[in-house]
Amino acid sequence: MKLQHIIESQQFTLPMLNELFSLADQMGSIVIRGGTLDYQHKIMASLFYEPSTRTRFSFESAMLRLGGKIMSTERAQDFSSVSYGESLEDTIRVVGNYADVIVLRHNQIGGVKRAAAISTTPIINAGDGKGGQHPTQALLDLFTIYKEIKTIDGVKVALVGNLLDGRTVRSLAYLLGKYERVKIYFVAPPTLQMKQDILDYLNRHNVWYTLESDFNKILPEVDVVYMTRIEEEKIPAASIERPFKRYFIDEEVMRLMQSNAILMHPLPRLNEISPIIDADPRAAYFRQTKNGVLIRMALLVSVLD
Amino acid sequence: MKLQHIIESQQFTLPMLNELFSLADQMGSIVIRGGTLDYQHKIMASLFYEPSTRTRFSFESAMLRLGGKIMSTERAQDFSSVSYGESLEDTIRVVGNYADVIVLRHNQIGGVKRAAAISTTPIINAGDGKGGQHPTQALLDLFTIYKEIKTIDGVKVALVGNLLDGRTVRSLAYLLGKYERVKIYFVAPPTLQMKQDILDYLNRHNVWYTLESDFNKILPEVDVVYMTRIEEEKIPAASIERPFKRYFIDEEVMRLMQSNAILMHPLPRLNEISPIIDADPRAAYFRQTKNGVLIRMALLVSVLD
Amino acid sequence: MKLQHIIESQQFTLPMLNELFSLADQMGSIVIRGGTLDYQHKIMASLFYEPSTRTRFSFESAMLRLGGKIMSTERAQDFSSVSYGESLEDTIRVVGNYADVIVLRHNQIGGVKRAAAISTTPIINAGDGKGGQHPTQALLDLFTIYKEIKTIDGVKVALVGNLLDGRTVRSLAYLLGKYERVKIYFVAPPTLQMKQDILDYLNRHNVWYTLESDFNKILPEVDVVYMTRIEEEKIPAASIERPFKRYFIDEEVMRLMQSNAILMHPLPRLNEISPIIDADPRAAYFRQTKNGVLIRMALLVSVLD
């Protein structure tokens, strides 16, 4: 699979996703071997207009694990030429002469798309703007389900939390919609439920879903519980009613989950999941970050080859 | 060619420039081969007292392309020991024990010279202070003329913009003065013309030059148009008269240029050159940044060998 | 020697120190050979919650000299997930999935210990909080005495300056207490003398020490003069009496020192040592920073193997 740029999760068809996950599966053996010679002369530039050390480190680890090289800035907004008023397009053309692939985190929705439109060097979207795309997060989430549950077809997934504002859950719901017999449970207080555009998309693709606010009722039914960060200060007071307050996972709640179900979270977590749960083998959120490196290795291979 | 430090463009004689450009020409094949084993254990420290990600990335790309290693800071002013009041000399002696070459961007004129005076580790000047030296920019500019026009002797170059404050054009005029039969056209409003010290230097070396304010009259005559950034807010209102307003390059202006002339710019550009010109093969400014990596590779080789 | 984490200087027994110094001695030949293949696929993450470019560069140089790879942040407090309220423990678990060793500089006393308590990836303490531990500094100080004086048993060391607040001198006094027949001269004005806890520890271990305020009297007696930074603004006015004022080293003072004694300083220095002394072969403070790379290489080897 040869990709030009990685801009948004919508660019991935079902066959592409299958090929990507199969490639990511092979990356584990490259990590053990300690990289390949194929990438030892390739340079990845991390060009971050806002800090996100976690995402940056994940990409940089992926490039180093492949055997490649990195150069990095987490304050591209201070890029002296940017502060002089240089266009994003000019910056990308210049950095594209220094590196073989650019991992771009931009502070404006659509910034990465604009960059990719003019760049002959591959661009990978590491997040653009609040509410914009962050495709590698959605891909690693889906890859985690594939690795842990062994299949995505037929999987039952509960997406839990503030679904109204959640970029992550929107992209994941979108990608899940490409698979067969998937069941999606949107668990949120009514005022914080998933937006209609995603529901319409699922309707068009005949994907089963339900809107719920009772967390405990859903838990025993699903293969995957995907918790998201609940920032109470961002939530209208009216929504913080009793059901919402109960979207916190402790040992008692874990007893309701199936023994082979998994608990995911995009991290960082605040108080949604008690640290006591970390030792439960169903807690998959730190394995998710490990899968993130494998997916990013596979994406780098896809654009560099 | 073995150099101890790279401090200022004045340190380069004509034979040294010729040797440097010939070395830089060979660097292209090292990039294709993917570095050499000679530098795989060498460490370059980027020690930047003010952010200039573009320059830093260019040097880091150069070192990585050679096969070497990098470590990097773009906020050396927060270097805890600097904030404690440590002298630049002490900082350099310490970092010199960690790295094999130091690329130094300092915030004071003369800072790099002070560092080089006490350092046994090679220092390369990546810019010191507003109005100070930035020799690698001038060298890559000259190298671009050499690569694009095939010769520097006899070349006709228009230097355009605010020449009064332009560090870049001053250094380039200085270096051009070393070659035979060069003609230099200083194009600026009278109040923003090149300073007398450079004109005196050219007089002493019998270099032909002229002072002009009419941009369109010069364009058909020259091999190289070197545009610089025009920051209108920095220019006295009286100077922004009609001729100055016309130093903006669009398709119409390009028609006045010779078919084998080139258009250069140190970047970042603001509005001096319409992006529509980027596709014109005479637009050499992005190729300039590529040449910057080759020149910096050659300089690194010269101090590391 | 296989170590899990490097948290505090107290974890090192005398046999461990001997083994560490012997390992650090061997590192010099690895530097000359240009690293080993053993670490070429290992990744060190520099995770710094407060800037300390000197310490970070020393560790990064050590990892690169070993042949390994680095990724780096000097503003982990802006780590977006930290600003979201993520716990240190979660951050460490995530970064531990990206790297093979984490060099951690934390802004709170005990932060590194908390990190190590939950991390399966080795953690090395690069300083935690004002007044917390900075074990690699104490180890490189002791290693410098071992290299320069050839033995630590029987050495006579003067620790000079504001001993009340000095983390460095406290750790060094602690480690010196493990050796035979060591004599320690604490040289400070009475109000800035070493705290009782360290004196008690030395008493328990039958280590000879004396409290002094007369610098010149001590100088001819000792093998090592260990100067520390004197920040006059932090010192009660009453303490800046004549003896304290005289803890400044110039050529005249050097004449009082034995010809084979050494002068150390953890750096950065302010005005404690005249730069004119740098050329004196007894001035060991820049060699100390070189030894720091060797010690950190040895520590990296100890946790990575």
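Order of writing sets the chain letters: A, B and C. Residues in each chain are counted from 1.
Here is the rule we go by: a contact is a pair of C-beta atoms (placed from the backbone, for glycine too) under 8 Å apart; a residue touches a chain by one contact, two chains touch by 3 or more.
The structure displayed is predicted, hence computed values, not measured ones.
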Original post:
Over half of the interface residue numbers used by both subunit A and subunit C, so same, or under half, so different?
Top reply: different
Original post:
Which rotation angle, from 0 to 180°, best lines up the CA atoms of subunit B with subunit C, given as a multiple of 5?
Top reply: 120
Original post:
Just how far, in Å, is the C-alpha centre of subunit C from the one of subunit A?
Top reply: 41
Subject >> Numbers and ranges of subunit B residues touching at least 2 other chains >> reply: 72
Subject >> subunit C-touching residues of subunit B, taken from the complex the two chains share >> reply: 40-41, 43, 45, 69, 71-73, 75-76, 78-82, 84-87, 89-91, 93-95, 97-99
Subject >> Complex contacts: residues of subunit C adjacent to subunit B >> reply: 34-35, 50-54, 56-58, 60-61, 64-65, 67, 70, 72, 74, 229, 267-270, 275, 278, 286, 289-290, 293
